[in-house]
C-alpha cells in the first residue's frame, strides 16, 4: 500500500516535471535541464564511487567521450539514435579499460581516474587538431524543451538504476567491496566482475548526458567537454547529498543547483566565494552530507519528542 | 576426502612460510591446527581460501583442484573462512553483513528477501539477532567474532576455516563460543578446521590436531596423543624458553 | 637524435624535474602525515606567485628575497588552517571515517574561495614582471638568470628538505607518523605538533616554489590547478608518503617529459605524462618507488 | 469579476510599460556574460575593461544617442559564465527573458558565440560579436549575429604569406598550440606558404599545458629558418620568449601570435620584445580611425596607467562603437538595429567597417611589431604606421 502510493507519487512528479516543458519559461527550463543533468551524473557516480568506494575524480571522461562520439555522428544518424550509440560505445569502452583500471585502489585510484580523463582529453585534442577540428559547432540542435525532456528521462533512469542497485544483490556485493574488498571476496563476492559492471553502468549514462549537453551548449571543444570542473562538481554534489542511496544525489544536486541559481543571479560578483564557504561548512558541520545530517537531527528530535 | 593438502609449500620471497604440508580432512571432521605465532597457520588458511597461491603442491577440494582459483570462486565451491583480526563491513548493518554472505558464497541466493531471512536465522543462532539493525562498526570484540562466524556460516560452507575466533575473549565467552560453534555444526553440517591458541577449546572440539612449527608439520593425531607428543612438547617448551 | 645529448636539453629536464619535485614535496608531507587530499595545493603556488609579484611591483624586491616571505606567509596560512580547521577535523571520528572524500571536498571549497578572493582583489588579469632575464652561459648551456635561479634554489631547497625530513629528529617523527599513525602516538610522538608542522612546512615550501614560478609564467588566479595535478602524479609515482621517492619521481617525470617529447614530438607531452603515469599505476599499483603493498 | 480585474491591471501595466521608455532618465539596459572565473578568466578583463571604458565614455557624453531622440545612459547587467558555454546560454536566456534587457553584447571567445547564436536568433536580439575568430563562424546563419574580427584564419594566412614574401623569406619553422584558433591558422597557412614557394622546414604542435620548449627550439635552431612562426597563447608565448633566447633563435622574423599585444607581457620582456611580430591591427596612432586616441586615454585613465590589450580590448571596443552608431540611427527597435547593422558603414577605432553577411568586410587581417617598446602596425602596408624591420639580436 505504502509502496504503491509512493510509486504513484513519484510517477506524478515525473509527469508534472515533463509537462513543464511546454509551460515553463525558457530560463526555468534551462535550470531544470542543469538540475536533471547533474542528477543523472551524480547518480551514475554513486553507482561506482558511492557503492564501491572507488572514488572517481575523472567522471568527466565518460561525459566528454560521449559528447565526442556524438559529435562525430552528428548529421550522420538521427539525433536520438546518436545519443544512444554514444552511451553504448562509451559503456563498451569502459568495459574494456575497466579491468586494469579497477585494480588500482584508494587514493591511487582517485588520481588515476583524473589522469585517465586528462589522457583521453589530450588524445581527443590531438586527433581534432590533426583534422583542424579543434572546435565543432553543432548547428540545428533540437529545441530546449526536447532536450529538457531527454535529460529528465536520463535523470529518472539514473535515479531508478541507483535505487534498484542499492536494494539488489548486485548492490550488496558492491557495498561489501567498499567496506573491505578482501573480506568481500572471501564470502564469495566476485569483486573484479562486479566492479567492472558498475564501472560500465556508471559510464553509460554520463556519456548520453554529454551528448545531450553539447546540443545545449551548441559546441564541442575537447577542453570544455573534458573540463575537470565537471568531475569535481559531480563529486561535490554526491558527497554533499551524502549516502550511497538514490536520495543522496537528489538532495545534493537540488541543493547545489538551486543555491547556485540563487547566488549567481543575485550576487554575480561573489557567488563562487559563498559557494566555497558553504562547501567548507558542510564538511565541518555536516560531514554525513544532507542526508546524514537530516537523519541524525530528525532521529534526535524524535527522541526528544518521545 | 573433502580436502587434500598435497606437498604444499609457500615462500614469500626468500622466506619459507610453509614447507611440505600434507594432510587430508574427511567429511564432517573437526580438525584443529595449533602452533606458535608465525608458525604459518594463517598462511595455510590463505592458501586454502585462495588468497595466496602455493609455491608448490596441490590443494584439492572434493576432488577438484582449487589452488590458483580466486577467493570468490573457492567460496562459491563451499569454503568459508574467518579472520583472526576481524574484518566486518563496518559501514553496513549487522544484518547486511550476514546477508551479503548468503547472497554470494556457495548459496548464491538471488532473492534479497530470502537472503535477509537466512541471515536473520543465523544471527539468532549466533546470538546477535538483537543487533541486526545496528551498524557493524558499533559491535564489541565478542560481537565482531560472532559476526565473523555468522558471515562465514551464511555463505553455506561445506568447509569452514575458523581462525582464532576465541582469541581475546573471556573464559565465559569462550565457552559460549564453543557452544555456538558446536550447535551450528550440527545444524549446518559442515567440516571444520580451527586454528586456536586456547588449548581447552581445541581439546574439546577437535577429533584430530595438526601441529605446525616453523612452517613444518611436526605432529598429527588425536588431542590426547598430541598432548603427549615429544616433538610438540619440545617445540612448545623450546619456544617458551 | 644528437639532440638527446644536448646539454641544453639536460638543463631543461633538470629545471622541470626540480620544479616538480619541489612542488610535490609539500603535498606528499600533508598526505603522508594526515591523509588529506589537498586539491588546493596549487593555489598555494598561486599565492606564492602573487606575493612575489606584489613584493616586486610595490617594493621592488625580487623573488629570491620575497620567496622567504612567501614561505613564511604560506607557512602561516598552514598554521592558521591547522588551528582553525584541521585540528578539529582530525579528531572528529565521523569525518575521519571518510577522510579522503571529506578532505577532497574541503580543499575544493578552499580552492574555490581562495581563487575567487584573489580574482576579487587583483582581477583575473594576467600579471608578470621582468626579473633576472639576462642570459647566463655555463659551458654550452644558456639559461635566463631566472631559470638558473629556479634550478639552484629549487634543488637546494628540495634536497635540504628531503634530507632534513630523513635525518633530523623531527623528520623521523614525521616519517613515523607517515608509516603508522597509531603506533607513533603510542611511542610518545606528539602527533598534534607533528601534523601542524607538516602543514606549516608543506605550505611554506609550496609558497616558496610559487614565488620562483612567478618569473616563469603569467601569474593568474587559476594558475595553480595544473600544479596540483602534476604534484599528485609525482607523489603517486614516488609512492604516497615516501619523500625521497617523491623527489626522485619529480626528477624522473621532468626527464621523461623533456626527453620523451624530444623523441616523439611536443604534441604528445600530456599523453606521455598521463600515459606513463597510468601505465605505472596499473602495472605497479604502489607507485614506482613505493614500499609496501596497496592491496591488503 | 476576477477576469475584469485582471484585464484592468493588465491594461495599467501595459500603459506603464508604454510610459516607461519615454522617461529620459531611464538607462538603457545592456546585458552580457563575462568569463570571470574558470579557464578563460585571465582573458576576461581585456573584454570587460573595454566594455566599461565604452560605458564611461558614452555616459560622460550624456548617454547613448537613441535614434536622434535624446540620450539615455547605459547600464550593464553582467554575469559570470564560469567559462562554460552552457552557462553562457543560460545567461543570455535570463538576460533576455527574465532581466528584460534592451540589448545584449558579446561574451568571451569563439565557443561562447557559437553557444549563444541560437538564443539571440530565437529572440531576435542583434549581437555584435567580438573576440571570436574561426572560419566556421561563417556557417552561422546570417541574421542577428555579426563578427567584428578581421583576424579570420584564412585572411591571416594570406596576409602572413604576403608579409613573409615581401621580406624575402624562403624558409619557415611553424609551431602551434593544439587549441582551435592556432591550429585553424595552420590549416590555411600551410597551403598558402606552399603556393608562395616558401618552405616549411620545421613543424610541431604542442598541447596547451606544455611546460618546456627547449627540445623543439633546439631542433628549430638546427634548421636555421628565415622566419619562426609561433601560433601561441599567452602562457606558451612566455615559454617561447624565454627559451628562444636561451637556445639562441636568431631568425630575422619571429612571430608570436597572442601575448605581445597585452600589457603584462611587455612588462615581462621589455626590450627583449623589440622586433617581435604579433597579431594586432591597431595602435593609438592609427590613421583614418575614429576615437582611437580617446579610447586609449580613457582606458589608461580608468585602469591606472595600464594599456588596453591591442588585440582583444580593441576589438571589443569596436563592437561597442558599432552598436552605439546603429542605435544612433535606428533607436532601440531591435529589428531596425539589425537592418542598420546590415546596411551601415561604421566609423571605429579600426577605421571604417561594413558587414558582408556575418563578417567584417573592410578591416584586413594584420600584424604589429614591437619597435622600441611601442606597438606599431606593420602589415598590411596601406594601414601600417611603420614598416617591418628585422628582428635584431636579443637584447640581453
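The chains carry the letters A, B, C and D, assigned in the order they are written, with residues numbered from 1 in each.
Keep this in mind: a residue touches a chain if its C-beta (ideal position, glycine included) is under 8 Å from a C-beta of that chain, and two chains touch if they have at least 3 such contacts.
Worth saying up front: this structure is predicted, and the values here are computed from it rather than measured.
A.B. asks: Counting one step per pair of touching chains, how few steps separate chain B from chain D?
C.D. replies: The least step count works out to 2.
A.B. asks: Please name the chain that ends up farthest from chain A once chain centres are defined by their CA atoms averaged.
C.D. replies: Checked the centroid distances; the maximum from chain A is B.
A.B. asks: As a quick test, compute the distance in whole Å between the mean CA positions of chain A and chain D.
C.D. replies: Their C-alpha centroids are separated by 36 Å.
A.B. asks: In angstrom, rounded to a whole number, how far apart do the mean CA points of chain A and chain C lie?
C.D. replies: The separation of the two C-alpha centroids amounts to 31 Å.
A.B. asks: Chain A to chain B: how many Å between their CA centres?
C.D. replies: 42
A.B. asks: On chain A, where are the residues touching two or more other chains?
C.D. replies: 122, 126, 129, 182, 272
A.B. asks: What residues in chain D touch two or more of the other chains?
C.D. replies: Residues 37-39, 178, 205, 207.
A.B. asks: Of all the residues in chain B, which ones touch at least 2 other chains?
C.D. replies: 91
A.B. asks: Per the contact definition, I'd like the list of chain A residues that touch chain B in the complex.
C.D. replies: 167-169, 172-173, 175-176, 178-180, 182-192
A.B. asks: Could you please specify the touching residues of chain C with respect to chain A in the complex?
C.D. replies: Touch list, chain C to chain A: 31, 37, 39, 85, 88-89, 92, 94-95, 98, 100-106, 108-113, 115-117, 120, 225, 229, 232-233, 236, 240, 267-268, 270-271, 274-275, 277-278, 281-282, 285-287, 294-296.
A.B. asks: For the complex, give me every residue of chain B touching chain A.
C.D. replies: Those residues of chain B that touch chain A are 49, 51, 70-73, 75-76, 80-81, 83, 87-92, 96-97, 99-101, 103-106, 108-110, 112, 115, 151-152, 154-155.
A.B. asks: Touching residues of chain A toward chain C in the complex: what are they?
C.D. replies: 55, 57, 100-101, 103-108, 110-112, 114-116, 118-119, 122-123, 126, 129, 181-182, 228, 232, 235-236, 239-240, 269-270, 272-273, 275-280, 282-284, 287-288
A.B. asks: Within their complex, state which residues of chain D touch chain A.
C.D. replies: 37-39, 78-80, 82, 84-86, 89-90, 93-94, 97-98, 110-111, 114-118, 134, 136, 139-140, 178-180, 183-184, 186-187, 205, 207-208
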